[in-house]
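Heads up, the thing below is written out as structure tokens.
A, B, C and D label the chains in the order they appear, each numbered from 1.
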């Protein structure tokens, strides 16, 4: 296999490290000038850094196009070289990674810009403007890490980014680390995300170990080149590799059973949810499987497992999304569900469909989250407006009461909203675009990508196809429910009544994203298949065959009808007769306990908590307190060793205190001294006793010699 | 002539009596005399063996022992006298200020 | 015996006869020296020791003298140098100490000289008669010296206890000699060795029993368990300068005799004696170290520590019967004696510096705050404690290293294990002294006694320096060979 | 003169010069004493860099050796023998690097008996350097035991409320292990006729059963020092009671003496036993990893948490060593350095907050990131390094160790099962659990204690103590090549030697 050496390829590719450096430079600047720059400058620096990364990504795409899509590996720096282990900081530039680069930096830059406005209000709202630069530092760090993830030319470098984005996720979820439930809720959510991800990372690590000792390398090029041969020689190992990798995927891409962190991750500021927990980071797992396609295609067992996990997740979390009231939680579970679609796709071998959905999802889900952020801030503005009036009109005593109410008010609860389309028209329209795209209504982006997945599934894996179709139905339903609850009907609370539209710095990125969500389907329009041809360069290079299925009107029509039907159903429940204040959800009447299950997320968290977390805490305390300290440190060391020692010396001493066993002295020093004190009683001070000792010694020695 | 074992046996008995005397008696003077008894038991053994081997060196040894014993007596008695002066007692068990 | 022969014989004994003669002269001189000028006596005693030391250093070769009663060899020279040097230190220490305790009496130094004479004779003895004589010659002055602080009750009590038990032990020695004589018909080493070689024994068990009794008597001097019980009381009650001297001198003399007797007379009986020595060594190491933990009085603690060290020394004697190891047995023992001796003098110097009249200033707690107030003194004391515990970089470590090597060479792994484990226990109480010095608060008051301070510092530095230059001592100890008969 | 000016002698004994100077200063001249100590340790660091400059990384053998006969009588064959090779050069540098940092950290923390403190500290440096350089077992033992003494004082005089107990326990526990080693050293000296490590390795030929006993004797000493589970009981006491600088050195260097001992002596001297014992050692290591991680999590005292985390981290080192392949062993060496840097830094950071608040109970903190952002950020980085975040130093070590251990689980490897590496990798999860828990308890959440609201952020001196460590944390994480480069040939040689010796012994 020939791999284009960087020397023989355009010098353009040498620019690739800058895709990481720009964000790093951005964050460094913001660290150095921490607190000395205005918010706008800080945001601009960060956005520019991200934008420059996008420029690099575009240049790479252009370069690849010039280079006929030939993959290129750009070595940069030696990293870990031990014996056969040869790991470098090297960049993989091929059509697959470039797609990811474009999505990450493109969507990322838009969200950066949006965040300039959003965070301006957020830091005021949270009362800590000093945190503003920190946000952009973390944001830039995230872009850098994500770039490492998608450009890495080896599993290990991918892993660097993989954990790096996890770190950013941790930092940004817990960005308002003194807020949330009991003041610590956000921090705990961040910690949960990191730890759950680490469980996945454990799988990834083991997969890497297996890979290295089976393939002799961790570089993509070498591993993929040997894939057929190794899969032949040791199929078991390769299955194990794919399964452990799947564990990693379930962690990062929030699949069953490790999805529990993603809903909690909504504790982060909304741009974070949009960028990290919807558009980019969580899709890393999909990217990993697509990247490892040359391995996966050899092991159907592994592929099946991935597909099933994806399908089940898609349906499972869709049911939960139906029962949520928090505007962001609905989107979060929707994200999990959509990730399930992608994972199922790449699992089935429909790599292009998976990547396609990844891209369109990045557009519309980022859009949805950002719009949701806009809604939330609109609500907060409304709330602020009321508080302002209260300040003017009411007496001090009432103000206190007001403040209490304000504390209880949740600007994210959809039950507090209603009729917002009048107050926030721009937000409404973009939100609607996103929702319809997500629901899979033609001709928006989501329709095409989802349709492609369903199409492939209908051919490759019927049970998973059924799971996905069911999930798609639920998707349309919960998005309809959300739209009607948030934007239609009458405002159910005062803040909703006074909600205000967001500034242009936020709405303009929204409009761009809405545009992308609308037309994103063109990327891989049936029949033209631009994306497929683009990605084919890479897959073909690694000898993965992509089978392209022709557009199937039957599948498309079915899914369209189903989507429209469930939107209609949503209208019947939520639109026709809008929810009143304090009224229970109409679904509760219909579904009863099932709805309770959906609402309570099927108690997965509770089960995990009970089965794993509590047990581990108990174990840790048991080990630390009983085993290590009381048993090993105190009892064993200070009692057993000493007591044994005492017993031993007791035999030696002639005039031991036989009146009962002495209380075992506490502590090494005292214990030993007690023993010594017993022995020193031999030294009575009486000469005759001393002589007796001598005499006894004589008798014993003589006796020994005579009766030996 | 009596066999050598008799002499040695006698000396051993004397020696043990001396040793037990040291262990049992409380009067310093008596203890001291018991020690002398032990030395003399040894002397008896020396003389007996010397006679058995027909050599003088055993006899010589006895003289040495006696001389040394005399020196010990000089020191010992003066110590006892000093103690008696200070404490008005020759009971060995009263000398147990230091112990442990 | 020709006159010429007598001359050479005298030459062999010259350092000893000079010392004893000088001591006798001093006895006379003491009458003429006024009580206020006791420094003169100390100087004269030191002069005598120094001359004797020079004479000793001029001796070499290996000769029997006085019809095989005494022997001059590397071993005896080594020991004599050790005794004389320790005598010099003892004089220096006593000079300061007696002055501060108001015990200045010239007889002290004379008794010291006689006792050293006895020790030297012990090292040179080649006949059991001489062993006995030497034993008494070194002991009787020590009995008197123990009671030197008369009318202090403790001192008197120490003296009488030491005396009674010493005499009791002498009884065993004499009886042991009698039995050996009975078995072989001779008391000279050469004769005994010859008798054993030719198997001309009256009754072999007589020899064994005699040897055992000798072991007991000498073990008593060296403070081997269970013959050790006099040690704490005597060390405690005796004037500290005497204790310091006794702790090295008496022990060294005891081991000198044990080495000489066991290595030359009883190698063939090692099957009988090795287990006994093994048990005694183990017991001694164990008991000494354990009981030391319970002590609150530094003198008593050091007494038990000296018992423990007797155990370590005795441990080296255990493989005495292995042919080819006898050199290592004696060399490692002698080497350790030097290490122990240096540490011993240093430690007692510090004790004397802090001691007050009427036995005050001897509690361990009286050392609190020493590290802050007298850093140099405390540092020296730390070195001594580490050396006793066998922690590098001190000579005590090198000494123990050698001892353990000898034991391991003999194949006594378990004994070595007991040795190292008990030295672990010992570290506990030695470190406690350090803890008290550095980590407790107190206001100790040191005497302004130049000799004592010098002794503490010099020995501390010596202990560290000799660790790195231990080759010299090794050479010296390994050349201190016993004459074979 | 040449002998004195030999770089290895200089680097070992130069601190003595500082001690000498300090001896002539008065107890009250605190600042002068501090400066002398700092400058001395910095010069020592400079000398160690000179050693590095003269060191030829491509040479797998001992270099810059000094081999002077020392005690050559009475059957003794003891040399004054120093040398440095790829196994020890980094540890030497770590020692000389951490010492000035620790001294700097005591600037205000130690105000009592500064003179004594600095003397002991510099003496400690002599001992530590000596341990890493000595190539004669006797000399090694001298240095090894000698390090106990100053550390004992550092804990016992300047430690916490229970310091005397901790100091004595530290001393006795370590000594208990080393006396067994002493007997084994003596055995080698007697039966192999030399104490020189290279000669002993070259000679070989110790019967397998004896090897096992000797291995156990050496391993006891080193395992206590490391400390390996279950011989770790002295560690929490010593760490919690020790003053900050003491903890830094204890964790940073003294524990490494244990792992280094395994590397330098146990593996090459007793290769057959090492191969035979590898699974047992690996089990203990893995238990240590998981146990240490679990127990850390349940601590309420932050210093104790860090102390227990050392057990976990050093478990990784031990696992890497007994993987007995280049990846594992090189990873282990690097992890020794990493642990010195990360845990050293953690102890420094804990010390800084302790100096301000005089408590280490985590419940007394919370939300500090808001009050002291710089402190929070620095701690975060160190925490991440400690939990093995890729891109920072901890990952490189842990990854290579686990990779090596996994390889050792393949057929033909010494471990023979993948469970070791598999379970050890679980430690990566648990590390995140306890480390993030610590970070959260200290820095996140609201500021609940009034006293914490006015805490001052780090001053320049404190930042200066941490930043050098951070530099290395990033350097090793991103570009460990120079570090691996220093050790690679020596490790390669050692691993080959162990394997061939173990193979040769097979029937």
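One rule holds in what follows: contacts are C-beta pairs under 8 Å (C-beta built on N, C-alpha and C of every residue); 3 or more make two chains touch, one makes a residue touch a chain.
Everything numeric here is computed off the predicted structure, so don't read it as measured data.
Engineer: Decide which interface, A-D or A-B, involves more C-beta pairs in contact, and give its chain pair.
Structural biologist: Of A-B and A-D, more C-beta pairs in contact link A-D.
Engineer: Using mean Cα positions as chain centres, tell me which chain lies farthest from subunit B.
Structural biologist: Farthest by centroid: A.
Engineer: Name the chain with the Cα centroid closest to the overall protein Cα centroid.
Structural biologist: D
Engineer: How many angstrom lie between the CA centroids of subunit B and subunit D, rounded to a whole number?
Structural biologist: 65
Engineer: Take the average of all CA coordinates in subunit A, do the same for subunit B, and state the distance between these two points in whole angstrom.
Structural biologist: Chain centroid spacing, subunit A to subunit B, equals 95 Å.
Engineer: So how far apart, in whole Å, are subunit A and subunit D when each is placed at the average of its C-alpha atoms?
Structural biologist: 35
Engineer: Can you compute the centre-to-centre distance for subunit C and subunit D, using the mean CA position of each chain? Integer Å is fine.
Structural biologist: 43
Engineer: In subunit B, which residues are in touch with two or more of the other chains?
Structural biologist: In subunit B, residues 19, 22, 31, 92, 95, 97-100 touch at least two other chains, as defined above.
Engineer: Using the touch rule from the top of the page, what residues of subunit A touch 2 or more other chains?
Structural biologist: 669, 680, 683, 685, 687, 691, 698
Engineer: List, in ascending order, every residue of subunit C touching at least 2 other chains.
Structural biologist: 160-161, 164, 168, 172, 232-233, 294-295, 428
Engineer: Which pairs of chains touch each other?
Structural biologist: A-B, A-C, A-D, B-C, C-D
Engineer: What residues of subunit C sit close enough to touch subunit A in their complex?
Structural biologist: Answer in residue numbers: 160-161, 164-165, 168-169, 172, 205, 208-209, 212-213, 215-216, 220, 225-227, 229-230, 232-233, 272, 275-276, 283, 286-287, 290-295, 425, 428.
Engineer: Looking at the complex, which residues from subunit C come into contact with subunit D?
Structural biologist: Contacts found on subunit C: 327-328, 331, 371-372, 375, 382, 386, 391-393, 397, 401, 404-405, 408-409, 413, 416-417, 420-421, 423-424, 427-428, 431-432, 434-435, 438-439, 467-468, 470-471, 474-475, 477-478.
Engineer: Residues of subunit B touching subunit C in their complex?
Structural biologist: Touching subunit C from subunit B are residues 4, 8, 11, 15, 18-19, 22, 28, 31-32, 35, 38-39, 41-43, 45-46, 48-50, 52-53, 55, 57-58, 60-61, 64-65, 68, 71-72, 75-76, 79-80, 82-83, 86-87, 92, 95, 97-100.
Engineer: In their complex, what parts of subunit A are in touch with subunit B?
Structural biologist: 680-681, 683-688, 691-692, 695, 698
Engineer: Can you tell me which positions in subunit C touch subunit B when the two form their complex?
Structural biologist: 129, 132-133, 136, 140, 143-144, 147, 150-151, 153-154, 156-161, 163-164, 167-168, 170-172, 174-175, 177-179, 181-182, 185-187, 202, 232-233, 236-237, 294-295, 300
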